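In the two assemblies presented below, subunit A is common to both, partnered first by subunit B and then by subunit C.
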Partner chain A sequence: MSIRRKRKIAWSYLFLAPQFVLLVAFTIYPILMSYVYSLYDWSGIGPLDDFVGLSNFRAVLEDSSFWNAFRNNMIYMFFLTVLSLPTTFVAALILNLKFLRGRTAYRTLLFLPVVTTAAIIGIVLKFIFGNDNALFNNVLISLGILKEPVGWLADPTKAMIVLIAVGVWKLFGMIMIYWLAGLQSLPSEVFDAAKMDGAGYLATVRYLTIPLLLPVATVILLLTALNGMHVFDMVTTLTGGGPYFATDMVDLYIYRYVFASGGFPQMGYASAAGIIFGLSIFALSVLLGGLVRVSGGKKARAEAGLGG
Partner chain B sequence: MNRNKFILLPLLLALALTIALSGCSGSDSNANKNGNASGKGEAAATTGADSGKDPVTLEVWGRWEEMTSQINETISEFQQQYPYITVKYATVPAAQYVAQVQAAISGNTLPDLFGYNPAISTTQLSNLGVIQPINDVLTEEEKAEYYKGTWSQGYTVVNEDTYAFPLFNPMRPSMVMYYNKAALKEAGLTEADIPKTWDGLYEFSKKVKENTGGKIYGLVVGIKPQSFLSGVIMQMATAVKPEVSPADSFNYKTGKYEFNSPGIVQGLELFKKLQDEKLLHPNSLLMSYREGTSMMEAGQAVLTMDGSFLGSQLNKDKLDNYGAAPLPTLDGKPQYAAFQGESRVSLYVAKSTKHFEEAKLFLQFLKEHLYPKLVRDGIEYSPIPAVNEATKVENPIAEQALKIQSETFKLIPRPFERNQETLKVVVETSGKMPKQTLSDVIEGYLTGQIQDVNQVLTQLTEESNKVFESAIEKVRSEGGNVSPSDYAFEDWQPFTPYNP
Partner chain C sequence: MRLRKKARQPLLHLLLIPFCLVWSYPFVWMLFSSLKTNVEYVGAGLRLLPESFQWENYSRAWTVARFSDYFQNSVVITVSSVLIVLVVSALAGYSLGRGELPGKRWILLGMAALMFIPKGYTIIPVFQVIKHLGLLNTIPGVILAESSGAHVIFILLFMAFYRDLPKELEEAAEIDGAGFIRTFGQVMLPLSKPVLTTAGIMQFIFTWNSFFVPLVFTLNKPELRTLAVGMYSFAGENSVDYTGMAAGAAIALVPVVCVFVLFQRYFVDGIAGSVKG
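The block that comes next holds the complex of A and B.
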């Protein structure tokens, strides 16, 4: 290796070093220590001297409130993914049309919710979806769709629907951009050839675009699903996990044990809950990551078929 | 390459300048945000060096927004009297207070003085060694001026040492009903119609809604965090089963928790009835307590129920439009709020303070100068009866609310007076009680998610007693001499101050 190359590599590591130190200090170290804390009955203050083994894990797994929050997370993640992926794909297809004017403006508008703080969205929407004299109800009443105000956030099912809808709206722009990036990376010769063969737009989408986008789609699926597992800020401000834990999420459940325990925090218990949740997310990532690998093979076959 | 340098150099200079400027402006803007009077103090502090004493800055954390104005006024006076001392007072939002204190304890960055919070007992803080005794702030004669029960184990005192300095009257806050006179008039009713019973409240709410065509509701109470509806129901419930304390639903006759007491169940059923018949303002289910009281102030509901402190927070230009009354009870029978010697609004001195003498001076100054201001402005009665009698409350609604409060509070049995080891149980249960609280059950019941409220409250009672009994067992296993009988006071007569 030449000296110049060695020097380049050294500078690279030097520039990486601060980020690496922060990563270790604020991510890796806390994760490792949470495994230690989970074995103790500890408030977060004072010495670690009350070893309880796996009791915290047992207590979490036996707590129906934890499973309620976990179930809510799964419901939210599922519907977020199922609703976001096809709608953002269609939006990306439309915004990728060369003849569409103002594409940049539309993309910007759709991306705006992504860069808006989730906590602020929650606070504002709490008033829009309120009961009496709230904007959403007033609009529906004036349109004749409702006769009287509906408690959107005071009903467990409706509150979850509102949360999912807001989550889809917030994430829409981001997923659409992923699709757009994927669409724009596809080889144009394939589509030119299909056009010359007389293939229509819908046929092109069905037999070319979708198969070629499969690897991208599985990555987007993975990212969207993981995004759906972390929704603390919006839930806290929009519903507070209510009504009566109907929209409680695992993040909020853990937060309650650390910062809203009604006394000294239960750091050990919260760490155990965090580990169980983290392992669940890891299992999900592995499962969806497997789909990514499998779909990579399908793409190769699709491309081979086109060449033949 | 040269062109890159021309771009890079100015950028780096701009970045360095920005960092330098933001560092210079930091402390001043923080002080102004917290609304403290440190500005004058800093000017005075520079002359402190002239008076021969080194300038001292005291950092104080409080969590009582309602007294911000009065304490800042007192701090200004203090800094004029002691020019070398600057006091930086910060009001920490209640929702993040415990987390902030916890982080400060872990990081050894507690301020010189900080406020009490029920979630972190004085005993816990003393055991951790983070607070120091303030025995010589007040003489024994001065301590005798305070309300009986102020100097109680586990709250202001641990063993023989005093740790907490009370700021407010310890017998607070009681729950009070407030009404909007203009809304009352618009509903065709008068102050004589303000309900005293639960049936009366129901009929009143019906009349208001009918007479105003649904424009105004009879009652609004925000139930989202933070909410005081659980406190309201527990206080009203004492008229049905007074053995169950309205502070924590603990039955001091049997020595066990009793969330499923008939008074609480019936109180919940009352609110459910109001909700189901659309007599409770629908936004009650979405709002916090303060948002709810704002709706009463705006005339969208005639009645609201809140703590006695609301009186001092109402719009001062419209005080003539409001009134205060006791909460209605099942059949108009008396109710009470429980006092156990807990001074919920008090200050500690951190052991890490480097300015203990100045902290003591500040506390002594608060006694002479803050207490009368709190009473004058109707924020709260002071912890000294003589000051309350000598000072006129200038806010008529606050005066009404404070009068109701002083008639409501009763001294109830205190296990720690019988056996100090019970304080170890308090430490052991801290943070371990069921996370589903009475407030959560209220929300679930009013939204229809809980069908059988008695069953859920029974489960809450069982879970709470399980934690309580486990804590007693743990303390005993560690050599503590405590038993469930320490919590049962068969000779107690509710409504009569308990003095064994």
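The block that comes next holds the complex of A and C.
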């Protein structure tokens, strides 16, 4: 091996070193320790010496508040996905029309919720939905849809509906961009041929665009669903998990055990809850990932949004 | 048929304009609310425009509610985190795309596996690491927590970019006597401006909007709060100063919206890149 090649190898590893150090300290070690902590009864201070085996896991699985948060998470994720995928697809089809003027301006406006701070949006929206004389009630009353103001965030079901609607609003632009990227990656020759054969627009969408987009669609489904699992920022500031834990989510549930449990954090218990949630997300991604493979999305870059 | 073709442009705008208005109305409403008096705000109903512009809402948020501190913290944390992430992922991407790495396949496989492994509640160990480094309750601690982890998308972007550059560039640099590091610093890095911009903008927006990490790392130190965390505590403490809060929200959101509007092509490319293979 030449000196030159040896030096190149040394430099290459050196270039990798900073990322490697960060990776070990802030990703690999934390993942390992999140499993270790879950086996102990530990307050976060003092030595890790009270080994309790799997009893933290048993306690989490027997806690009805955990399952309440888990169910809320699933409901939110389900409706977010079901509502946003078709609507964003239609929006992407429209914004992909070559003859349409002002496409960039529309895209920018629809993208504003995506790039703004979720925690702050939550507070602003709390003002819009929160009080009896808040904006949303005023609009509905003046349109004649409502006669009296409704406590949108005071009722369990309505609070969840608001949360889902806000989630769709926040993510809409991003999922639309996913679709647009998919649409623009389709081979244009096929569409030219369809046009020559006199196929109408809707028929082209139905028989060409949708089948061709299926692999991308499953990736988008996966990314959207995983996005629906992590809602800490928005939910914390918009509903705080209320009313009466009706919009509590697993993220918030765990947070309370670590950072807001009246001076006695239960790190082991929280870690166990985190692992159970992480494994559920993993199971979901494997399920949806299988769908990606079935629909032929070999190049699926699903990793981009994974993680617990 | 020709009429239908002519009609579709205005028809689509007739559909899109109201839709986009509704979509961006919360922002417009927030901006105008930040310029009303609190009395006016409460009784405003549907009236959007303030009677006269109350700029003192902004000075109240800036000084009394300490948004000047929060703003400064957000800027310092965001800019530092962008710089760290760019340096680290550009180096790693160059090494993977252009370097001589025996075992590169395993490194890439390991990175993919890390993304896929089910994780627990990793913020607790991250907290412990920062504590052991003696950085708990400091700005560098928050910066480190924000920049940590593997930015796999950025590394892959850099890797693909450097890999696809023509080989002649490197050979020319070598003939000029440049070593590995000079070739990178003087030839390759300046060429990768598009990727630097995309990764930089994405990391800027992520960090500026980040809430959970700064919340957890500033629980005992209110003076280290970022805008998002400061706004949350402001809303908790002063729940009747609506217009002051609207002004605070505007202070927090306007910078990130400006950055996005100026560089949106890069940001959108980055987002789209996570779907395309």
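Basically, the second predicted complex is superposed on the first by the 278 of 308 C-alpha atoms of A that agree within 3 Å, B and C clash if a C-alpha of one lies under 4 Å from a C-alpha of the other, contacts with A are read in each partner's own complex, and residues count from 1 in each chain.
The working rule: a residue touches a chain if its C-beta (ideal position, glycine included) is under 8 Å from a C-beta of that chain, and two chains touch if they have at least 3 such contacts.
On a predicted model such as this, the values are computed, not experimentally measured, just so you know.
**Q** With both structures placed on chain A, which of the two partners, subunit B or subunit C, ends up touching more residues of subunit A?
**A** Touching more residues of subunit A than the other partner does is C.
**Q** Looking at the overlay, does A:Ile45 come into contact with subunit B only (first), subunit C only (second), both, or neither?
**A** In the superposed model, A:Ile45 contacts subunit B only, not subunit C.
**Q** Answer with first, second, both or neither: which of subunit B and subunit C does A:Met249 touch in the superposed model?
**A** Once the two structures are laid over each other on A, A:Met249 reaches no partner at all.
**Q** Touching A:Val168 in the superposition: subunit B (first), subunit C (second), both, neither?
**A** Touch status of A:Val168: no partner.
**Q** Contacts for A:Leu288 in the overlay, against subunit B (first) and subunit C (second): which applies, first, second, both or neither?
**A** A:Leu288 contacts neither subunit B nor subunit C.
**Q** Should A:Leu214 be classified as contacting the first partner (subunit B), the second (subunit C), both, or neither?
**A** After superposition on chain A, A:Leu214 lies in contact with neither partner.
**Q** Considering only touches as defined above, state whether A:Ser12 meets subunit B (first), subunit C (second), both or neither.
**A** The second partner, subunit C, only.
**Q** Does subunit B (first) or subunit C (second) touch A:Phe259, or do both, or does neither?
**A** Touch status of A:Phe259: both partners.
**Q** Same subunit A residues contacting subunit B and subunit C, which ones?
**A** The answer is residues 44, 126, 133, 258-259 of subunit A.
**Q** Which of the residues in subunit C come into contact with subunit A in the complex?
**A** 8-9, 12-13, 15-16, 20, 23-24, 26-27, 29-30, 33, 42-43, 45-46, 87-89, 91-92, 94-96, 99-102, 107, 112, 114-126, 128-129, 144-145, 147-150, 152-153, 155, 179-181, 184, 205, 208-209, 211-212, 216, 219, 227-229, 231-232, 235, 242, 245-246, 249, 252-253, 256-257, 260-261, 264, 267-268, 271-277
**Q** So in the complex, the part of subunit B that touches subunit A is made up of which residues?
**A** 96, 98-99, 102, 105-106, 119-120, 124, 128, 224-225, 281-283, 285-286, 300, 429-433, 435-437, 440-441, 443-444, 447-450
**Q** Which of the residues in subunit A end up touching subunit B in this complex?
**A** Within the complex, subunit A touches subunit B at residues 43-46, 65, 126, 130-133, 149, 151, 153-156, 240, 242-246, 256-266.
**Q** If you look only at subunit A, which of its residues touch subunit C in the complex?
**A** Its residues touching subunit C are 5, 7-9, 11-13, 15-16, 18-19, 22-23, 25-35, 37-38, 44, 94, 97, 99-102, 106-113, 115-121, 123-128, 133, 135, 138-139, 142, 169, 172, 174, 177-178, 180-182, 185, 216, 219-220, 223, 232-233, 236-237, 254, 258-259, 267, 270-275, 278-279, 281-282, 285, 298-301, 303-308.
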